[in-house]
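Handing you a structure now.
Chain IDs A, B, C and D follow the sequence of writing; residue 1 opens each chain.
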């Protein structure tokens, strides 16, 4: 596996284990998140559904070093079936469950990216908004699973942060219900939760969301409002 | 292969396949583009000509994970001869064909780099312009294949973006015809198409264009106009 | 080992050496610091305690190339027991000893990160201060080893730099004594010393501190005071 | 070899070649420069002295792909003794020779870093200047080979760029003679030449110079003059 890159293999390894199982995918995704600085300092989290079970990374560990034997197995209600010796379940668990239960997600990640934090601060209210960017197309609408159009306005709800991560559960649920098109919830001064129908979609949407967070902050610094309909732009047209 | 680095090998691999074939080069170039954040979130695209055939990456997939068996083979008019099972041809295909048909390109890439997007926004009109930069020399003039001089003004035409990528075809064609010296077309709020006589030149020119896009945005932020003839600069001279 | 990533192994290597020993961990951590640009140009330093002994990287060498045979072994007072042929002990030694002797650290690192330098310059006085950031939770309080709360203000003392690194010893000691909650001391226009109860905690805390240094500078540039209680932020709440 | 990292080996390889020879070191250094974006788009250059001979990378090639058989061998006057089939000697050759002949360098590199270009533009005159930075200590004074002190002002002469690289030779010579303490010459809107008594020192000094170029531009953006004696900074002192 290379830097910030996931390699999916079809192989059964020498111990007879399926490397497409979440026990192997989650460590790779955590390492990828670490490389992108979304999960340094033991921050961030990762979860993948597989059949009727939900798998989650442990809490408070160095995310780039997680091993296949350190993943928690939960049932579809989020109750731990198999824990990882000596480790604690991620505090993100009830937040991940929001996306599984309300939005039928197949994978959920939690990033502490500085770009997400800054995006939550250049927009002071309840919504991060950006429009007229090609990368919008990489993000599906929650209600229809159709991609956003270039001219759509992508809206990501922002919840205020709290002292204890589990206390975010109720307000994240509220945000998801208020914004059924969004596959992400920003947490101000904290980070972002992003999901998809499987880990591949969660990952690619996370790449698009983070791209747009970073771009929006840069646009603000250049005096361009990210959600404004373009005006005074006169490129070559038909 | 290391990060953001292409390794060209002369080897015939153990399956008797030529690793210099576009089926192998395109996945490497896509992975390199992913590492540079030009092709995250399934964005971006890559195409290489080889003999009478044109090879293209598939659409809507994770660009860093493309395998040699997933490349489309087209004839010199862009008609698909061999498709990749279960995959769709890139939506960039008609745009790539513009460069092949009008400019006799040997390879074309499409980047979603944030620097290209920002460059298309600090210049509001039909042209990105930069002058008096050494890195201009790494970019050839379309008409003569001679490199730009340090004192030349490099001009990259900018087309307005549209809802569907294929609808860019006509205006990209128009831009190419209006700007015969350019080996690139910026698409505002979207990215850039860049080509060369072969993949090596497409790649090195892409590096120079992206360097200049990033530099131009930084210069604007420092209050320096990228296309202005230097004034008030008094370094050591002869 | 991949970029900016530490791999801890349980293995005894083919020479019968324990790869968890500081002789192996320190080179890996130095290489990780180099990748993060905390230890380029021979700058920076690293030290780990193991049993009754303290191990330190050599001075003035390329930090990414240190080998297991090039680590100094000291007793718990910092006196060299085994030196590394042809090499000099790091000039950070008395500063590392401050953290070992006053704060019972298990590992100490010294970074020349530009973010640390800039953080020491956007705050002009004796303290770097930041509050209401989730990443505070990744940093323990010196007195209790309990994590900071989201609403706490993290304070890092700043000492003025001097001509010779050893002359920092007294003022770093003073800073540690004045700020018993801090696990770090910034040195203005120079860098930062960070420690933890073991190398893992020193590393993860270093990631959090550097994240917060970089974020604080960006916040200042956006006109947001890093240590101000949030006002006018109206995200979704309960 | 990992990203942006040089590994020096003592090994004689399986072909009986000494991997410490410039034929092996130069490709590694070029690849390292590419990773740092100092040598993208075929830009940049590298040269190492070994015994009585001077070895140089070829011109106009992808710097990250140079092979051991593609290095030019010159005598101590810079005359080519062995060329590399099908390749051209770097256009930097006469500029590299300046450092070898006037300053008795053991290795010289040429970087197109954007930070060097920007540093040459935030300082408009003949000199880049920075003071009161710890990283100054990583750079030797040309006259004495003693490191700069923290309170010294590091001065790098800036020459104006020209159309053809070889025409820089005379003014670079002038700059070297006017500034005997400097181990670097900036070329405005182009890049920088940096040397050392061997490749290790050229590399570590290059890391320090580039660190200071980047820092100086950021300081200017924060309203801090890089060469100003600190005022109003009141950290903890003795």
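Rule of thumb we're sticking to: a contact is a pair of C-beta atoms (placed from the backbone, for glycine too) under 8 Å apart; a residue touches a chain by one contact, two chains touch by 3 or more.
Please read all numbers here as calculations on a predicted model, not as lab measurements.
Shared numbers divided by all numbers used gives the overlap of an interface; between chain C and chain D this overlap falls below half, so the copies present different residues. Most remote from chain C, judged by the distance between CA-atom centroids, is B. Distance between chain B and chain C, defined via averaged C-alpha coordinates, is recorded as 41 Å.
Chain A and chain C have centres, each the mean of its CA atoms, that are 29 Å apart. Taken residue by residue, chain A touches two or more other chains at 2-3, 221, whereas all remaining positions touch fewer.
The touch graph of these protein chains is a ring, one cycle where each chain has exactly two neighbours. Chains touching one another form the pairs A-B, A-C, B-D, C-D. Contacts from chain D toward chain B in the complex involve residues 1-3, 31, 34-35, 37, 40-43, 62, 64-65, 112, 114, 117-118, 120-122, 124-126, 157-163, 170-171, 174-175, 178, 186-191, 217, 220-221. Put simply, chain C touches chain A in their complex at residues 2-8, 132-135, 138, 149-151, 200, 203-205, 207-208, 211, 214-215, 218-219, 221-222, 224, 230, 232-238.
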